[in-house]
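Shared between the two complexes below is chain A, which has chain B as its partner in the first and chain C in the second.
Up next is the complex of A and B:
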């Protein structure tokens, strides 16, 4: 009660528009932080996956929602992050998760800078096809160089050997996996919150406004002096880095990286979760990613024909909610507040 | 030194001579009207000078420098801005964000990725001032796509103006606007442009407007310059009257049919 009063005081003194999102975000973060003590570990793992994919979708949507470029190849950057981590752990014997993050980010940056440089020369369908084609090149390389990548077997990354926060948290000894799941959830939650704040600042920065201008009207953007191609490229690299970070975080939880995450259906999943949540809204990709993760998990668990079930459910959802879950919710909320005031 | 000089400028589309050997010199501070019948090549001339299209041949000299091969953004940075005959805005951004973006870009601030755009009080103040000058202050937070045609035209001009160019091309800033609003829009544009000492080339069909505001009138026909001169000189030019309104004789321009 006293908390609510305190919040209300803050709202009226500084202005509701600036503070309401921050208050809501903190409330959601508190709920998320409390969750592992309330639900069983399986649900914690599931939510961890959801948050990781949310980071991937946030990155993807910098291109789709804010720059107007539909990439069909984001598996490449997710995979670049994931495989770099696997290499670091296997070949360098590294244990520090932070080292993995730095390395994985560099890997994803490298690949996205390279691929992006080629792709941003085109827009619309050509852009999409190029991103798809390049990601498939990476996928086929993972097979060709099987002595490096392990081919279809992939590379194992044992979570028990990793340490978090510069060695401060380790998982040696009994109950290793349970402790890992618990600690890793908070680790991912922290990085998810950080990634979300960073992305929020980016899209509200002058740079972010320039991207939206390019999305709306590329011609006019150049006539106000914006170097369209360069800005698209930078957006591409940032987008790839976020999705790469998701790939980095995904590996220890999955315990294994395989070429599946480099394959085009995985890119399709990233597109789908973003559209499902609503690519015209900032939080849409986050909600979409978490929802998609649940939908997919339960579809897989409930039937052998899970792809069919998932496909049908998703098609119905997208047809029913063309502006996505968050877009539709926002419209309903707007109608509701207009109706009451 | 003239502000802009085009030398044997040419742009052909197949057999269409859209810009045909145009030699035009523009002095600093002039308010020039570019007139001519439909298809005369007025927009094409603006397109070539602003780098929307590259010229087939000829030179464009801006402030003594050859900018013939400069890109759109390079010419914008050099000080050439333009508006568009068909409104060209950032439709999903607010009127404020449209103008603010032009200012951010001019100031080289669009590179800034780590600060909130709306926290930049300098840009905010300037953008609001520009909106105010164009009578759009009340529409500040509306999406550009939701504005009325006249307001969209004004916002299009405001975007070019917010770049504080040395030379601005305004391609039919009052087309598609009711006659009643036309004078008001031209008044706004003329006062803003003259107030800042910006050199302006305005494409306009309404000869009343043209005679009222211009220092010099340039008449184009079939891609070439047919005549140029002060409003008084052009008013007397029978060939121009023939081409623009299909009749001649004394006072052809003031007769209303």
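Up next is the complex of A and C:
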């Protein structure tokens, strides 16, 4: 494992470091921007879900891939964002999506700062169990306080009533859902691009390097003068905020928020998609989230036993391809270029 | 007063089932350092198999010839079946992963959970299965002016016997010494000539057997339903976190605490009953990360 990481580090440092990934990213972004006019609306909706989950997985991977902490409770921050939006829309009658984002982010920040403060006192398996237990506190509250949260019925958030870009884009009148799907895709795409850039900057900043130092050797990192627990806490809060943003964006598209997104198997799905893509790479979680979304959708559509199918995929992945899609692809590409040169 | 006694018995019943699940989870962690996320699903599998056998044609034949005794003899079939499943899972899926970071242990057992949940849906269908005939056959005994099912007392007894039996195996037999030696230092145990791989299979199978037994004894009282394992796993986690991962005494005390708090919770604060349990687990992790009985 460490050998593969070292190799990859060497590859990224050989190439012209900044502009090549940027060119590739812009090309991918252009393709993504052109897609809705080429494919049918259903595919657009699927891709929107995929991009939203990509933001969640990107945030999650700041902890797993860069800080070395496996959280099994990221459903809590996704749900905190989603439920805050639902409350804002239902109880305050807000219509502006931007207001929802600000509110939802605040909600997710609050919860992740609180939970993170507790959880970063431990690492490894105890960290996982703590995050899991805390996320289940939220789940049980959402589940039981049905007069506030609607219980298992959840809270409905009608997309037709929302407005984007400060009221500039609204969906009143006929064909509301089609117009929403089209506009919302670009809205999510924009925020996804923004989130990716911000995460890229974070990961490549001195702060990000410090996190990786903590991941690789906690004792040495603290000898260098890094206050390990505080850095972990900050990483936790950033991670929670990204996942919370995904929750915020997810609600209007889904139209409903239920306790299912707070239940711990949903946290497991976030872990799954990150590992599917490869958690030792920056783009892994993005690829993994989009792929997982397609995989799940088609598995659910084709068989009643979709969970079994996904479980088999996960088991095979862990046994055969532990570095995920992107990690494996990078390794193959490295072998190929070495072979030809 | 009668209500109090009945509630106390209820919490003991609940604690007995939780102990069976949590002791298996704790044993597996203690020996192999694997946190088995599929453990709850193995418990559910035990419940399904037992309910299926007892409620099916075999069960009818057994109750026809042997009566209640025949049904009770069939009940542990679920536990044995789960132990067999465990003995297959460990060498095939878990053994390749011992050298990898523990993240992968969580992932593979999560994958296993997904597979088991759907396998149960495939094998037993979506309708709940129950072995209620055992509960009916056993009748009830009067406590004060109220009636209490005898079967619940039987489960409490099973829980106690299991606790004593496990204690005896771990601290009083040669196999227990081997188990503890492997748990403390795997490489040293292997260097001394122990077949560590075999110990691991045995430990995992025993842990699975406990989970299956928990499912088997619960199913005459509560129907086996889809998703019961996912819920049970989290409660078993709460138990082992309070008691200490890898500690048998911890699992017992943790199960009693969770059983009592849950019964009191349902009576007095039903809305936050589950939340309180998770918060207790959190508080224990913060104050004493190794749990009440755990070693560092």
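Methods note: the second predicted complex is superposed on the first by the 323 of 341 C-alpha atoms of A that agree within 3 Å, B and C clash if a C-alpha of one lies under 4 Å from a C-alpha of the other, contacts with A are read in each partner's own complex, and residues count from 1 in each chain.
Here is the rule we use: a residue touches a chain if its C-beta (ideal position, glycine included) is under 8 Å from a C-beta of that chain, and two chains touch if they have at least 3 such contacts.
Keep in mind that what you see is a predicted model, and the values were worked out from it rather than measured.
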item: Simultaneous placement of chain C and chain B on chain A, clash or fit; value: fit
item: Which superposed partner A:65 touches (first chain B, second chain C, both, neither); value: neither
item: Chain B versus chain C as contact partner of A:129, first or second or both or neither; value: second
item: Touched chain A residues, chain B compared with chain C; value: C
item: Partner chain in contact with A:305 - chain B first, chain C second, else both or neither; value: second
item: Partner chain(s) touched by A:141 [first = chain B, second = chain C, both, neither]; value: second
item: Which of chain B and chain C A:73 touches, first, second, both or neither; value: neither
item: Minimum Cα separation, chain C to chain B, after superposition on A (Å); value: 15
item: Those residues of chain A which chain B touches in one complex and chain C touches in the other; value: none
item: In the complex with chain A, residue positions of chain C that touch it; value: 35, 37, 93, 96-97, 100, 102-104, 106-108, 110-119, 121-122, 230, 234, 237-238, 241, 245, 270-275, 278-279, 281-282, 285-286, 289
item: Complex contact set, residues of chain A against chain B; value: 201-202, 204-210, 212-213, 215-217, 219-227, 231
item: List of chain A residues in touch with chain C within their complex; value: 64, 70, 72, 118, 121-122, 124-126, 128-130, 132-134, 136-137, 140-141, 143-145, 263-265, 268, 271-272, 275, 304-308, 310-315, 317-319, 322
item: Interface residues, chain B side, partner chain A - complex; value: 50, 52, 72-73, 76-77, 81-82, 84, 88-93, 97, 100-102, 104-106, 109-118, 120, 123, 159-160, 163
